[in-house]
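Okay, so chain A shows up in both of these, paired with chain B first and chain C after.
Now for the complex of A and B:
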């Protein structure tokens, strides 16, 4: 019993939970920033910059805007962070043997969505016009990118006849996996609010988006939660679409390489494109995302 | 797809931005932080009057003298105080203010001490010798030098005595 509790605490706090994922997430964010800078001919930040940003915010004074419910204002970042951490814990990444249960992929999808909902609410409660514009955009984008994202997961579940991550992971690699992976990849930049889909957090356009009134440790928690979201999304890609290797070391190396590849892809897309309007992005996801989703679903149904 | 060749070229080249330790030298006209030589200050308050952001102020509460207070955190580096200081006590030599969150490091307090008037002993701030030398070009001697250490009241009396000696005493 004690050992089991110890394992859970370890999973939540160290790996694949808070600490390990934070280190990985900050690393990915650094790569994104550094690579983006290099592609734009800039020098880019030092290695520890995301960590420095986080620590600096922790040291700041918290200001709750007038007219905002303080309980909600304080709770939202922590809800986002907690949901993401528990999402990380239920994914069987290398070095983490988790007991898979029926329907855990649905729980994962739900937990993936919680930070988005927190962002939308943060924007709405902020009493700032920028926050509210951002909240509206974020909610709309959710309706757009979830088309290919959910279709990818449903197609995989259809092929494996299961909603268990464990079963999905050991599903045979085939046409459906490839098509579903493409549909999933199409959704990733919008889910990470990266260019050309940096619409909800459009800097220079709507200031800082939904986080415009957030400051100090609360903003730091939101930033941390975003870093963990990156890891969680890559984790989901890894367990759904990448063949499972038997050797733990090889599997860990593959996990790391796939994540690096994803962040490089996302950054490359961000560096080479300009921000779309909500309408354009929405059309993109319902046309091209819809096509990718349709292809994956069709392959799943036929196969 | 020209954008891909652009980012690829950027990736291959070295960065066009500079490292913080590799900044170009500051221009010779760069104003920077002001410095005050308390030995030249007469306490006329011209600097405090022209200072738009009120970075310079005087404090007269003390027993021993008045203080010249400068807060770099409020300074806009406009250089008006330098231009208006009649004795050139304030200069700027392009020194950068410290980058710090510690406000005490941005504050300068100089005390301009009272001296007793050579006549009546009231506390006064005499015009510094160095400042007078700057104005006259030579070192002051005799009665002029002695007058420097008098309060305005005693100086007036001295002037009246001069006039009296010059016109009345000689004639009488």
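Now for the complex of A and C:
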């Protein structure tokens, strides 16, 4: 019993939970910033930059805007962080053998959605006009990118006849996997609010998005939760579409390489494109995302 | 100084986020601040990022002679920034009024309204000097020597 509790605590706090994922997430965010800088002909930030930003924000005084419910204002970043950490814990990444239970992929999808809802609420709670515009945009974008994202997961579940991550992971590699992976990849930039779809957090345009009134430690928690979201989304990609290797070491190497590849892809897309309008992004996801989703679903139903 | 205080000091030195306010500048200094984060000067090497909201910023860059119209906005923005914070006055105007000195619409030197930590002189100053000023302000933040930190440290 004590050993089991110890294992849970280890999973939540160290790996694949808070600490390990935070280190990985900050590493990915650094890669994104560095690569972006190099592509623009700059040198870019030092290796520990996301970590320094995080610590510095923790050490600042917190200001709660007048007329804002302080309980809700303080709670939102922590809800986002907690949901993401528990999402990380239910995914069987290398070095973490978790007992798969029926419907855990659905739980994962719900937990992935919680930070988005927290952002939307943060935008409305802040009572800033920019925050409200951002919240509306974020909610709208959710209706767009979830088309290919959910279709990819449903297509995989249809092929494996199961909603268990364990079964999905050991599903045979085929046409459906490829098509569903493409549909998933199409959704990733918008889910991470990275450049062609940086519509909800559009800097220079609506100041700082939903986090405009957030400051200090609360902003730091939101940043951390975003870093963990990156890791969680890559974890989901890894367990759904990448064949599972028997050797633990090879599996860990593959996990790391796939995640690196994904962050490089997302950054390349971000560095080479300009921000779209909500209408254009919506159209993109319902036409091209819809096509990718349709292809994956069709392949799953036929095959 | 324990390890957490040391880590916090290093982080403050390495992560200066700036917010710019124009208090009636001719725009010359504002144009020189832009290149600080461009490929040629790349302030991100020292962690310098331009923020859209004063609530996210550590260092306030003020350009221009303080005009009567802008005074309220500058005071408001300074008050909105969470402590610890630093102020860098960019160009000759905030210090002396420069060519606008004595004008009936100009209210006087910036430090009569908000405490200024670093003065960057020039008309306009070059981007290198602005980055050096931001780096110096970040150093003051790390050492706890900004006017804001010392005012708070007093009993």
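Observations
Rule of thumb we're sticking to: the second predicted complex is superposed on the first by the 303 of 303 C-alpha atoms of A that agree within 3 Å, B and C clash if a C-alpha of one lies under 4 Å from a C-alpha of the other, contacts with A are read in each partner's own complex, and residues count from 1 in each chain.
As a convention for this text, a residue touches a chain if its C-beta (ideal position, glycine included) is under 8 Å from a C-beta of that chain, and two chains touch if they have at least 3 such contacts.
The structure displayed is predicted, hence computed values, not measured ones.
When the shared chain is aligned, chain C comes close enough to touch A:214, but chain B does not.
When the two complexes are superposed, the chain touching more residues of chain A, out of chain B and chain C, is C.
Touch criterion met: A:41 reaches chain B and chain C at once. When both complexes are overlaid on chain A, the residue A:272 reaches chain B alone and has no touch with chain C. In the superposed model, A:204 makes contact with chain C only, not with chain B. When the two structures are aligned on the shared chain, A:67 is found in touch with neither chain B nor chain C.
Taken together, the two complexes place residues 37, 40-44 of chain A in contact with chain B and also with chain C.
Listed in rising order, the residues of chain B touching chain A in the complex are 3-4, 7, 10-11, 13, 15-19. By the touch criterion given at the top, residues 33, 37, 40-46, 48-49, 51-56, 58-63, 203-204, 207-208, 211-216, 219 of chain A touch chain C in their complex.
Interface of chain C with chain A (complex): residues 7-8, 10-12, 14-15, 17, 38-39, 42, 44-45, 47, 51-53, 55-56, 58, 80, 82-84.
Note for the complex: chain A touches chain B at residues 37-44, 268, 271-273.
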